[in-house]
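Pasting a structure below so you can have a look.
For reference, chains read A, B, C, D and E in written order, and residue numbers begin at 1 within each chain.
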Amino acid sequence: MKRLALLIVILSGGLLLYATKDFPSWGDPNSPASTHVSPRYLEKSLEETAVPNVVTAVLADYRGYDTMFETTVIFCAGVACFMLLRKFEPEERDLYYRHIPTGLTLHIKGEKQIPSTSKEFEKIDAIWTPYDFIINTVSRFLVPFIQLFALYVIAHGHHSPGGGFQGGVILGASIIVLAVAFNLRTAVRRFGEKIDGIMSALGVFIYAGVGAFCAILGAEFLNYRALAKILPVGKVMARSHGILAVEIGVGIAVMAVMICIYNNVASEGKFDEGL
Amino acid sequence: MIWQLDLAILTLVIVCAIAAISVKDLLGTAILFGAYSFMMCLLWSIMAAVDVAFTEASVGAGVSTVFFVAAVFRTTRRTKD
Amino acid sequence: METIHSIRPLLAILASLFAIPLIVGFSRRPAMREFWTFAAAGSKFLIIVSMLPLVLTGRRVTCTIFEIIPGVPLQLTVDTLGLLFALVSSSLWILTSIYSVGYMRGLGEHSQTRYFCFFAVALSATIGVAFSANLLTLYIFYEILSLATYPLVTHHQDEEARSSGRRYLAYILGSSIGLFLPAMLISYHLAGTLTFSASGFLGASISRKVLMILLIMFVFGAAKAAVMPLHAWLPAAMVAPTPVSALLHAVAVVKVGVFVIIRIITGVFGVNLLKSLSLTTPVIVLACITILCGSLIALSQDNLKRLLAYSTISQLSYIVLGVSLLSQRGLTGAFIHIPMHAFGKITLFFCAGAIFVATGKKNISEMKGLGRQMPITMAAFFIASLSIIGLPPCGGFLSKWNLVLGSIEAHRPLVLVVLLVSSLLNAGYFMPVVYKAFFFKTESAVAGVKEAPLCCLIPLCLTAIFSIIFLFYPQPFYELISHALKCIIGAGV
Amino acid sequence: MTGNYPALLVTVPLLAAFVIYGCSWLHKRSCLFMALLGLTIPFAISVALLKKVLINGHISYHLGGWDPPWGIAYELDPINAIVLVAVTTVALVNLIATSKEIETRFSDRRGAFYALYLLFVVGLLGIVATGDLFNLYVLLEIASITGYSLIAMGDPARAPLSSLNYVFMGTIGACFYLLGVGYIYIMTGSLNMADVHALLPPLYHSSAIVVAFIFCLVGVMIKMGFFPLHSWLPNAYTYVPSPAASLIAPLMTKVMAYVMIRLMISVFSPKFVFSSIAASNAVVWLACLAIVMGALMALAQRDVRRMLTYIIVSEIGYIVGGAWIGNATAMSGAVLHIINDVLMTFCVFLSLGAIARSTKGYQIENFSGLFKKIPVTMATFVVSGLSIIGIPPTCGFFSKWYLILGAIEGGHYGFIVVLLLSSLINIILFFRIFEEAFFVYPKTNAVHTEGEASIAIAETPFVTLIPLVLTAILLIFTGIYSGSLIALIIKPVVSAGLL
Amino acid sequence: MDFLLTHLVAKYNFWLYIILMMIGLYAMIAKNNLIKKLVGMNIFQTAIILFYVSIGSKRGGTIPIVEHIAGGGEHAINPTRYVNPLPHVLMLTAIVVSVSTFGVALALAIKIYQRYKTLEEDELLTRIRES
């Protein structure tokens, strides 16, 4: 196998090397890639979409259709992780509870359980370890700031690097930090699985829905210009707003999916203690 | 652009990549892989691809590594190669 | 030639297909089920007969269903030759249906519904082959026939039946896909059409070597004609219930094979082209070998049905031989051998089946003295074997006579010798059966046996009688054949 | 609204998938209805589009209102449209036919299942319709990721591993494709297929373009399971749950084969592919090898489903061989075979799924006496089997007809021999099963003479049976109308691109 | 030397990405551990991203965020001053695709581990053969 691998690798590497001889040299401003299609984005994007960050303009508008599917790919991954890993029935019905005031652990066998409304008891796993105070406090302190930054990244994607993806990932990461610092149950209590599932669908739905809405308004699919009919702005600014709308959708979807993947991977779909 | 820096990072990237696939501890692989992603992200920001670098920093070096570590915790650290 | 567009050829094909839902629907009521079989058989026969006057007045009936491949529509054309074949097979279907009822009920066979269904499909396909206007249509029906007969061959569902079925499929489908299909495609590539024409559609512009290869591929591709060495499926297929063997392996299937070869020689290549390049010599040689070997092997058979199978193999090659002689007499002989052999051979199979129903015996050695118990059956057997051997007062004489004349006409004396030797061999394997039946003492095993049920008996008597009638009244056949010959030979002149 | 059909075709199931997944958290029972709706509309749209394309000719749809090459465009010609119709038909019919099984088998995650199902269809539809090289990659990944997860839901013992292997192979394939696109981009600066097509001719002799083509092709070939690169396919398609099997097995490989033809004709040109690269003979021989090896490996299997997966490998060989012979007839044959093979494979997998209700496994031995038990289902199985063998008048015969004819025209006799040989092997493969199902009594049933009464008929439920029968009939109809299919739809497009 | 200058130095990014790609591909095919294969897969994907980003770079180009003055000036933008944004856009998509594939693959690996308690390919195959 190793020899075969080496052979394939060398073969493909050699082919690629052979091809580089015809490449324009690195960073050549006169290469076809830099002269054929892309100049228009640089020249016109501000004028046509009112978005100075050309990457955002291309991402969400000129090639917005790609990005819609990119978000869909993320969504697929979330749904796939849910479908593959999520276990609804626990394998063994051994329940562990921790009495919060005293720190005693209760082990219940059989059908009985403590109602989840109880404030004094906390459901735990057999492998429960006490939380680390410093980590807890720091992360609790940090999470709001992370989230604020994430919102900034989403909202300011028009003018600076960033956008829905990066913001969404950071937003998701803030919840993941909670799950790592405390445990998965705490994180899920804050941000439930159901909400998560609905939000992942909602995010991509916003994106595709904006596109479809443009089509309903009589333009092409994803032609945000059509939004000018209902928004009190000009056609160029309508594009800018459309981009913002889809970026928000992307942010929601990516956040929800990141959390979903983490939850399922970290707990093998049992939604217990987590790591 | 400083080509010496560029070259150094490129070398580091390759070193990280080779290390990541040859370390015999999967947790080590995870961390090395995170380092690799981060180097990559630096490389891209040098090349003025800020958006890509940002994404790679948050996705590749950040969330991917977390997933990776989570998966390693849920499976095994041991590997034969 | 005047052409009439009519849906009648299509109806003739569909008549038996329409019966299938009815047959399946009445699977729990045998009487109704068999009634529908008869109804289909009768209506099919009537439709075919209704086209007879049209064709005899020199017109042809066409029915284009649709264009299936550019230049090659799914098209049916009734010409004299096809009509001759269709008449023979549809008329015999009626008789076989009667016989089937007796046979299947007499033995209490299982899965009778399936049996009648596929029988009907097979007949449709046979008529389809007869009426095909081009090679593709013919091929389609040919394949349908192969598949429809497969469940009939494996009817008994035991290991022997299944292995025979496998062999049957291997030979028939293997040859048709492996040889016939590429030959057809190459012809299409060369000629751009596949429609039969009296002078053939493969032009003389094609090199002799290619034509020769194509001809050989076609002859072997139509493995249903059982030209050696692709004959082994036929004896194997004798595990089928006797009516199947009778109709399909004496009339429909094997005759479809030779009919395809006739079509190939007369419609694809054209007699004149073949004659001018004398391409048929290898076919003649093959046919001669098959005639002799088939008869020789038949001599050594003890199982009556296997004997009949080998006899069929050799008799089929008479037709192939007659056609490939390319002389007027030879063609006449070949064409007229289709009905003559059909009626003769089906009688023999009916008899074998009747014997099996009445006694349960399959081997000749166990049939000693059977003539006294089953006189009618054995008499019919005697008449039919005379017909196959080619002796008067039976129809078989006519075909043999024409073939002999044809071989002289074509200046092939060796063929004449083969024909004569083969006739002797035919007598050599048939006469002992009759002799044993009538002149040996009745064995205890068959003592007290009575004739088979009436349903079995009547058809075999009828076919035997027809065999005799045809000698004295061959006029209808001759008329059809002379029309056909006028097209085939006259076209190029 | 009709102007937006090309976009709606893809986005209606997309939106439906999101709605389904969202709603599955609130109300589980409405999922099926929405999924059906989400596939019926695209089906209607695809038919309307086909009609429109046939009347008005080529349709170009600019997404977001940006003209290509700056924006993304959908290009629809008659071949695209017919493949789209095939995809939507299969997806819709399969959903109807297997809905019952999905509902019971994935009851607690049916929302996720339907969402992935629809997204898979979205991916395929997009792949077929798109006119942008990179968009194709993204859609390819959608189809792949959904495919991986649908496959992994099968037999818990084997499916995850086969799926993971598929992930590895599939990612290599997609990455190779992406690399190829990168090479095209660096040389031309464009990603739009038509634009690239126009820009390429001066670059035909550039090594980078040749390598780009090779990488794109190898990537696509991995995805379609072309012979030496097929190793993921048998396992993945053997252990996939049966409702997904009859969706993925017919569509994925065939759509990728279509992508190959698309690359050959409308990105690169036949002139480049057949004269500049001059590898067509080698590829055709490789296709011959694929056909033979696929057939032989199928012969070695006792598991029917596994056998069928190897048949898929050999069918892909047909398409590749036909496409690379390099004349219009063979190319038409290849395109026709894509459509026919979609239908045949669909029918055979669907009936196999229905048969699986009545058997314990997919081993040939389990099939004994099935005909008595489920006659109609078996009949459809037989029809699809005959079609795969290539018996007229089923559709399989006609694509073989054009393929062989093209091979004769191209003088490629090895391909003819191989095609016929594989047909012969297919006869053995299928009649082995037919024999078992029709003429062997199940072992438990010792009574030999009166088989009829002892086996109760337990026919497939109507919701599965009717689609199945319709598909089987469709096989014959496609065969009969293949002449007009070629003349109206395939030939005009293919011969415009070819000699 | 001339060759070196024109082919090696001028295109060293293209060379290095090939090395990374080869490492990744090798790991994917030759490694025995499924997680290692996954790492190889990711390296392979990032190598391609590196390649694309290299296409987009321009000597003397700056980040593709055009300068603008509040209120909007009608000055012409000189595209040679900014790097090519299109590959960046494409690669954002590719990164997302790679993380999605990674997530699904990890889920599959966990599922495999749950059943067979190993992630080594050879051990998996023997265990499958035994069962």
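The criterion applied here is as follows: contacts are C-beta pairs under 8 Å (C-beta built on N, C-alpha and C of every residue); 3 or more make two chains touch, one makes a residue touch a chain.
Bear in mind the structure is a predicted one, so any value in this text is a computation, not a measurement.
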item: Smallest count of steps, each to a touching chain, taking subunit A to subunit B; value: 1
item: Distance-maximising chain from subunit C - centres being C-alpha averages; value: B
item: Chain whose Cα mean lies nearest the overall Cα mean; value: D
item: Selected pair, greater C-beta contact count between C-D and A-D; value: A-D
item: Centroid spacing, where centroids are CA-atom means, of subunit A and subunit C in whole angstrom; value: 74
item: Whole-Å gap between the CA centroids of subunit B and subunit C; value: 78
item: Whole-Å separation of chain centres (CA-atom averages), subunit A against subunit E; value: 19
item: Gap in Å, rounded to a whole number, between the CA centres of subunit E and subunit D; value: 29
item: Where subunit E touches two or more other chains, by residue; value: 12-13, 19, 21, 25, 54-57, 61, 63-65, 86-88, 90, 92-93, 96-97, 99-101, 103-104, 106, 108-111
item: Multi-partner residues of subunit C (each touching 2 or more other chains); value: none
item: Numbers and ranges of subunit B residues touching at least 2 other chains; value: 50-51, 55, 59, 63, 67, 70-71, 74
item: Contacting chain pairs - touch in the sense defined above; value: A-B, A-D, A-E, B-E, C-D, D-E
item: Residues on subunit D engaged by subunit A in the complex (per definition of touch); value: 1, 4, 7-8, 11, 14-15, 18-19, 21-22, 24-26, 61-66, 69-72, 108-109, 112-113, 115-116, 119, 122, 126, 132, 134-135, 138-139, 141-142, 145-146, 148-149, 152-153, 160, 179, 183, 185-191, 199, 206-212, 214-215
item: Complex contact set, residues of subunit B against subunit A; value: 50-51, 53-55, 58-59, 62-63, 66-67, 69-71, 73-74
item: Of all residues in subunit B, those that touch subunit E in their complex; value: 7, 10, 13-14, 17-18, 20-21, 26, 29, 33, 36-37, 40, 43-44, 47-52, 55-56, 59-60, 63-64, 67-68, 70-72, 74-76, 79-81
item: Subunit B contact footprint on subunit A (complex, rising order); value: 53, 55-56, 59, 161-163, 165-166, 169-170, 172-173, 176, 180, 258, 261-262, 265-268, 275
item: Contacting residues of subunit C [partner subunit D, same complex]; value: 66-70, 74, 110-111, 136, 139-140, 143-144, 147, 151, 154, 157, 161-162, 165-166, 169-170, 173-174, 177-178, 181-182, 185-186, 188-189
